[in-house]
Every structure is written in C-alpha cells, then in structure tokens.
Amino acid sequence: MSVLKTEEMILNMGPQHPSTHGVLRLELELDGELIIDVKPHVGYLHRCFEKHCEALTYPQIVPYVDRMDYLAAMYNEFGYAVTVERMLGIQVPERVEYIRVIMGEFQRIASHLVAVGTYGLDIGAFTPFLYCFRDRERILSLFEMTCGARLLYNYIWVGGLSHDLHPDFLRLAKEFLPDFKNTLSELNNLLSYNKIFTERTANVGVLPLDTAINYGVTGPNLRASGLKWDLRKDDPYSIYDKFDFDIPVGQGWYGTVGDCWDRYYLRVLEMEQSVKILEQALVQIPDGNISEAIPKRIKPPEGQIYTRVENPRGELGYFIVSKGGLQPHRVKVHAPSFIHLGLLGELCKGHFVADVIAILGSIDIVLGEVDR
Amino acid sequence: MGLLDKQFSDDNIILAKTEDLMNWARLSSLWQVGFGLACCAIEMMATSASHWDFDRFGVIPRPSPRQSDIIIISGTVTLKMAIRVKRLYEQIPDPKYVISMGSCSNCGGPYWEHGYHVLKGVDRVIPVDVYVPGCPPRPEALLEGLLKLQEKIRNETMVRKAVV
Amino acid sequence: MKTPQEIFEILKQKFGESVIGFADNKLLEFAIEIAPLAIAEVGYFLRDDSELLFDNLILLSALDDMTGKKVTEEDGSFRFEGGTLSVIYHIESTSSRHKIVLKVVVPKENAEIESVAYVWNHANWEEREAFDMIGIKFLNHPNMIRILMPYNWDAGYPLRKDYKNPEFYEGMKVPY
Amino acid sequence: MMIYDFFISIFHNELIAAFLNSIIPVAFIVPFALFAVYLERKVSAHMQDRLGPMRVGAHGWLQSFADILKLLQKEDIVAAKADKKLFNIAPVLTFVGCYAVFAVIPFSSAYIGANLDLGLLYIVAVSGFVVAGILMAGWGSNNKYSLFGAVRSAAQIVSYEIPTTLVIITIIIVTKSLNLYDLSVNQTSNMFNWMIFGGYVEGWHKIALIPFMFIGFIIIYISTLAEVNRTPFDIPEAESELVAGYHTEYSGMKFAMFFLAEYANMFAVSAIVSAIFLGGFQSPFGYLGSTLNLPWLIPIEQFFWFASKGIFFVFVQMWLRWTLPRLRVDQLMAMCWKYLIPIAVVNLLIVALIMVL
C-alpha cells in the first residue's frame, strides 16, 4: 500500500488584499489551514527616498520625509529636524520644542488610532474602525488649522516651524482631550475586552523578548514583549525629560507576554500616556519666536551622525553622512516597520491563516516606511 | 464601455430613456475595489469613514475586483506595482472606470525626477477617467472627482456617432 | 558601560590584524574599522562576550564612498572607476547601554563582506537591502536576492553614485 | 381559506394554481432582499455615525434598485481555468436551496407553499443544497480563496446543523408534530402559548419547560446565525482573510444571485426560528379582525406579524454583524462541538424527562 502523498499549498496574499495594509505581498505555505512558512515580498512602494535625499538640499528633504511613514508624518519631520540640528549644533527656542512635542504626541494618538482601528477591521469588527477615524478627524483638523495640511504637513523645519500655532489651537486642543478619554473607554468596551476579540488575539503570535531584541524590534512591539525601553526616556531628545509620564509594558493581561493582545492594548495605553503629556504641555507652553533659529543656509560639517526618536511605530533613526556640501552624501533611515516585517515569518509559524492577519495587524506596519 | 455602448446607429425616445436608466444605475452604484497604494489610501479611507462617508453616493469598497466598478489609484505606482495594477484593472468586469487620485498617480508627483522606481503617471498602463490633483487630495477633492465621474457616466450613450 | 575606546582595545587584543583601526569621522561618531571577512567573527564575540553583550544591531547601512576616478562620458554621464564601498554597523547593548559603530570598507570591484545575519537576525533584510541598493555581496547570507527592486531588475544598483536609469522596464517608460 | 384553494376556485386547474402558489414566495423574497440590502447599509451607517446611501432617491431608498440594475449590465466573467459547468450551476443551486426552504414556511394561516407533515425535517434536508452550491462555487472558481471559503463554509454549515437538529428534536418531543403549519396554528391566542414560554402544554410541565425552551431558542439562534454565515461566524467570506470567500470570482448577475440567496436565507432562518419558538404568524395580543368581526383581515394581520418577527431577527443579525469581531475556524468548531452540541443534548434529555413525567 502506498503512502498517501500530501503537498503544501502556496497561497499568495496581496499586493491587492483587504488586510495587507497597503501593497504587501505575502507568500504563505500552507498545510490545510496551518502555516508552514510566510515569505513577505516588499518593494511595491519603493519610492527611492534615499536617492532623493542625495539629490536635494537639507530643507528640501522635509516633504519627502513626510511621505515615508505617512501615518506619522509629524514625527518623521521631528526626527529629521532633531538630526540635522545636532549636526549643525543649533539650539531651538523653547516654544518650538513645546509645539513639536504637542504635534508629535497628537500625531502619536492619530497614528495609534489608525493602528487600533484597522486592527479591529482585520479581526472583523468594522465599527470601532470608524469610531477611531471619527476621532482622528478632530486631530487632523487641529493640524490643518496649524499648517494647512491634513496628512503630510511639511511643518517642522530644521531649526523651527513653518507657522506658529493658530490662536484657537490651544483652546480646541484642550477641549479635545477629555472627549478623547471617553472615546478610549468606549473603544475598550466595544473592542478590547470583547470576549471574541481576546480569544482571537491572546496567546497568538507570541514574541519572546530575546527574539525581539535579536530581530531589532523597537517601540510598542518591544515594550509589549516586556522590556521597558522608550527612547523618550532612555535616549532623551527635545524636552521629553520635562514631562511626567509612564512607559506601559506588556504584562500578558489575557495570555502570554508579547502576544497580539498585548501589542494591541499597549497602543491603547500609550494613547493614554500621550494624553497625559499633552495635558502638561498645553498648559506649560511658553511664548516666543518660532522662526529665530531657522538657518538661512544649511551646510553641515563633514562627518556622520545617527540620531533616533521614538516614532509611534518604534525607533525612527536617521543616519546622515555629510561631505560638507548642501546635499547629504547619504541618508539611511532606520525604519521600524521594515524591521518588524522581517519578523513576520518567525511569528506566524504554526498558526492558522486567520492568525496571519491578526499578527500582521498587531505589528502595525506602514508600507511607505517599509519600502521607503 | 459595456456591451450595448455605441451599438445603435439611430437615436429614438425609447433608446434615450433606456440609456438614461442604465446610466443612472451605473453612476449610482459605483462599487470600488478595496485597494490602497500609499499615502492617498489613508485619505481614501478617511473619505469612506464617518466624516465624509462615500456610502452616501453608493460607493462601497468590495474586496474582490470581480464585483467592482471603479478602481481608485490612490498613491504612487511603482514599476513593480504597475504590472499588478494593470492585472487588477483587467480583472474588473466592464463597464469599469478609473479615478487617478493624487499627483503621484497622475504624473509621478514629487518623485518625477529622481524616482528610478516610480511610474510617472498611471495612465502609462491603464486608461484614466478622472484625475484628482493634490498631494494627497483632500476628501472633498476626491468626492468632487467622483461627481465628475458621475457626470461623465450620465452622458454615455448607446448611439454610435456618425464618423464625419 | 564602556567607552568606544575601551571596546576598541578589547577587540584589538582579541582579533589583532582584523581590527584595522579607528575610522576618522569628524562629526559626532567615530567607528572601529574591521576587515571584511572578519566581521561575523567579531559580531559573535561582541554579542556573546559577557562584558560587552551587544545584543542589538540598530542599523546596517551601506554607502558608496565616491572615492574612485571620475570618468565623464561623451553624453555627459559619468562613472567612477575603482573606489570603495563601505558598510556601517551601529550596535548597542540593551542591558549595559553602550553603543559602538563598526565600519567595513571594501573595493567596488570585489565587494564581498561576511554576513552577520546569523549573529543578529535583523541584519538579514538590511543586508539584502544593501545588496539591492549598493551592490555589496554578503557571504554566507541565507537568501541573497533583491528585496525592494523587482527581482528581474538588471540595470544595476540604484544608490551607487554613477547609477544610470534604464529607458524602459517591461515595456513601461521609466524617465519622466 | 388557503390561497391555493382560492386559485383553484378561480382557474379550476390544479397545475395553474400550484404554479401560482409556488411563485408567491418570489414576490416576497426579491423585494425583501432589496429592502434588506438597503436596511443593512442604513443600519450599519447609523451605528457608525454615518448616513448611508443618501443620493439615490430620498434617503437613498432606490439604492438597491440601482445596484441590481447595474449588476445586470456588468460583464459576466468566467475565468479561463474555471470549471464552467459547476461555476454556472453554483449560484442557481444556492438560490434554489434557500428558495426550497420557503416552501414549508407558513406565511400566514392562509398561505403555506406545501403543507408537509415532515416540514421540519424537510428544512434540515433541503438546506443541504446550499452547501452543495457553495462547494461547487468554491471548486469551480479555481481560486484558492474561493476553495478555502467553500471548505470552511461546508464544514461550518454541516457542523451547525447538528445543534439545530437537536433543538428541533426537542421541539418535536413537546409538540409531537413535524408540521410547521400545525406548530404555528397551535401557538395561538396569546404570546404565552408560544413555544418559548413552554408552548400549549398543560399543567406544571409548561412552567418546567420555560427555561429549557429559552436555552433551546438561544442555541438554535446561534446555530442558524452560523448556517447563514453571518458575523461572528462569517469566516467563509471573511473579508479580511479570504477576500470574498466562495464568491470571489463571481461578477454581475451570478454574484447578485449569491447576494439574493444570502439575504433570502437570512430571512428564512429567522422565519423558521420565529415559527418554532415565537408563534410564527401568530399575533402576541389577539387579532383586530376577530374583534371587528372581519375574518378576511386576520390572514393579513398574521402576515404582518410574520414579516415583522422575521425582519426583527434579520435586524438582530445585522446588529451583531456591525458590533462583533469574527471567530477563527478552530474556535468556531470548538464552539459548536464543545459547547452547543453537549448543551443541546442535555437540554433534549431534560425536556424528554419532563414530558415523560
């Protein structure tokens, strides 16, 4: 009697698929519904960012920086500005630092809202997604009244900002925060503690801490695995040392430390911390001139520098090599999404097809940043 | 587009009324391929979300291209992606329409000069009905683009125009 | 917590010839230069040594040093003859919080570096990207293929300074 | 008087009468499906702080007509590598499966398609057509996502038929009849005669039955939800995993057939649940027709109650869909085999015991 032969099925997911969060292609090797291997194919949104940097002057790069992680454009600019300012040795006025932190934290909330909302969508809950987008709209309108753009801002410049705050900004921002706390509790009741949701995500895609570090994982995903590592405290930049906030760490609330639920819930907790920072920053913000430190001509000395900031997705680092010209010689970006996506194959082994979606959603990638 | 389009040589009242009805149905129920490319996809999502609500115009995202009528090219089309975009367009059954959303898919946008891997305009691979400018276009702009497309569909005809 | 100078001394003692020296960087960072074929060995040591514990590779970046002789063609385009490429490794320790920068320089004609993908898994994709963009081959890498550009891209490595864009790709016009 | 007898009295021909009689559900299903699609979009929109269709007719009430008219115009794509016979039969078979179920559903005391004595068993048997149709669609499309969806769907429907059947057996023990028409007729006069309140049994049995009837009702509602592939059991067409499941490759009118079948099925299961447990077409309060002594009014009132109960349950299905996330395949199966079936069996035994005593 011959042995019954079975073979693995290759399922191609993407580039057009409702839940690959953009133009990602996954090649799944399946045994029935079980995953044997996942091979991500990236590059479908490779927009040649690094080549553009070599051809443009330092201020011209800012709009391109926006288009990398388009869900957290403010923070990309923030990181870029910090890097170039360190190269030049510029000290920016305090008001600018405050506005940057306010914008950065609002951007973190907006970005996490998309992450959390689309994660609900991946699991099958449609409504929380729209609730998240509804509140995100309010943040975007705050950005819009400040700099005129909704998604890609070109707002934080090297040495300063493009515009000062709108006179109504502080009032509206302060009004937003209490409402947003209600939204968070609504979101938690609707989605986070939902029995089906916890069943789907707890104990799925567990990322142990040593694997996480070896793969270079940063940001919320690393913290969900249990390491208290936040660049806002561990490698301080700007004025984050002036604010009082906690760093939430994954504790395996419903399952193992570092599972999908932890990664999801950590983002919810981070939004609460961002609200805490904003509550302090909106009160403390001093007066001042926002454009006094903007250099007329940016020409850093020869050398190289690596600076990193805590982007909503993790450690966003800029490695800039200057040969002393008006254009950088080389810019290389440490893109958190790129690194997290490399981990996907490791996380998915032995899970079901449906879990691939849950895991991919929980590591929260932005394809613009993966491919740059 | 469509099987009946430009198949009749003379115009009459029945044809005109049928035409109106058909066009009305087409323009009122434009199902969209649930497909986003880049930054503009986020604005497209915002357009479908509560604040702007695409569903008011009968536009709902369908996950499968087989059941869709329009494809919104929302973002930069790279060379690697262009082949897939073309395939996707071919999978949509007729009558089908294309909205090119944002500068990148209109003409390459900010990547026109040094973008060695960017297709400079999606119209190099598929025909485009409406171009929406902006980087990214606001949701209102996308809605305007949709209304323009509806206007275009409203004027489609089954009558074959005589060649002059 | 150790200073880069101390780490350099340790490495020099351990590996001798393979550790070439401090690379000069005028701005904020300075790098320890390592021989191309010794980098994996050094990596294992840095990761596993109980005093150093460099468990996190932050960033692996490759760059074209633009050092060769510039040859200008008749149509205005140029290319570099000779010259070097380099790879820069930023590594840190999450437990003892020290950071160093390693640097490897290879000639453009024979750009081959030992892979560190088995030391830090993170390097897997970063090395593929370096191969894709700059054209450095990493020896003993599990899967040395292009990552961002199409797999059948044959017009060279786009981030080299003398890269020339092709006119057509699969029937699509590439330039504006 | 039944509508069938009315047709016979007009045409004096059984064939014509039977034909007309069998067409009546179509006249209900198609408008209902159109209405349900519109309702679904409006319900979801209002749950999500949106407005839903607004531009096509006042408040978008013509939206479904536009959709159907547009789907009629669409190109009909059959993939080159598809199994064309199966691909073409599948939507028809799926629709036939759910249409056949309507044959034994009593719409009012004046109309039932076929007054079968084995009505309940017939429903369980005939709904198998839907599985066959879905499997054909999945296989015939020659698409991996479709195949996945179809296999998932088949496994799911077959599994969830077991708790459904067990609950139906529980009901049979109490009513001693498999005839849906009799079942509905007997739950008459007021809502406390409905099966969910112990039915028309006499004495202490009735009180003792109430909790177990509630359990039965919940089980059958959950499993019918799974049988029509609605959230949280919509894994066969799970949008975020399988694109559109077994109808991924279908376009134009064939897709519309699936759509129609889905909404018709939603109503069919709601109608069955309400016929078994909630008195079917019976009014909860008594009839205006009998008060005013207008006997012709009673069937119309009954149809009204039947439709409203059905639509209410359809609304609950929508409500769940836009609130809950979706289960995973293994959890779905675990839910059926580890929880619903044991509970249903124990429930059956207890009810049997009560009825024996």
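We call the chains A, B, C and D, going by the order they appear; numbering starts again at 1 in every chain.
Here is the rule we use: a residue touches a chain if its C-beta (ideal position, glycine included) is under 8 Å from a C-beta of that chain, and two chains touch if they have at least 3 such contacts.
Here the structure is a predicted model, which is why all the values come from computation and not from measurement.
Asks: A-D versus B-C: which interface comes out with more C-beta contact pairs?
Replies: Between B-C and A-D, contacts are more numerous in A-D.
Asks: Quick one: point me to the chain whose Cα centre is farthest from that of chain A.
Replies: D
Asks: Closest chain to the protein CA centroid?
Replies: Chain A is the most central one.
Asks: Centroid from C-alpha atoms only, then distance chain B to chain C, rounded to Å. What do you get?
Replies: Spacing between the chain centres: roughly 44 Å.
Asks: Can you work out the whole-Å distance between the CA centroids of chain C and chain D?
Replies: 64
Asks: In angstrom, rounded to a whole number, how far apart do the mean CA points of chain A and chain B lie?
Replies: Here the centre of chain B sits 31 Å away from the centre of chain A.
Asks: Listing for chain A: what residues touch at least two other chains?
Replies: 17-18, 43, 46, 48, 51, 130-131, 134, 371
Asks: Two or more other chains in contact with one residue: find those residues in chain B.
Replies: Those would be 49-50, 63, 80, 113, 116-117.
Asks: Hunt down the residues of chain C that sit against at least two other chains at once, touch-wise.
Replies: 148-150, 158
Asks: Over in the complex, which chain C residues touch chain A? Could you list them?
Replies: 25-29, 55-59, 61, 63-64, 66, 88, 90, 94, 97, 101, 120-122, 124-125, 129, 133, 146-150, 158-159, 161
Asks: List the residues on chain A that touch chain C in their complex, please.
Replies: Its residues touching chain C are 42-43, 46, 48, 50-51, 54, 86-87, 210-211, 213-216, 227, 229, 234, 300-306, 308, 315, 317, 319, 321-323, 329-330, 332, 334, 338-339, 341-342, 346, 371-372.
Asks: Can you name the residues of chain A that touch chain D in the complex?
Replies: That would be residues 9, 11-12, 17-19, 33, 120-127, 130-131, 134, 190-191, 194, 196-197, 199-200, 352-355, 357 of chain A.
Asks: Which residues, counting only chain D, touch chain B once they are in their complex?
Replies: 41, 45, 48-56, 60, 62-63, 65-67, 69-70, 72-77, 239, 243-244, 247-252, 255
Asks: In the complex, go through chain D and note every residue touching chain A.
Replies: It comes out as residues 44, 47-50, 144-145, 148, 231-232, 234-235, 238-241, 243, 322-331.
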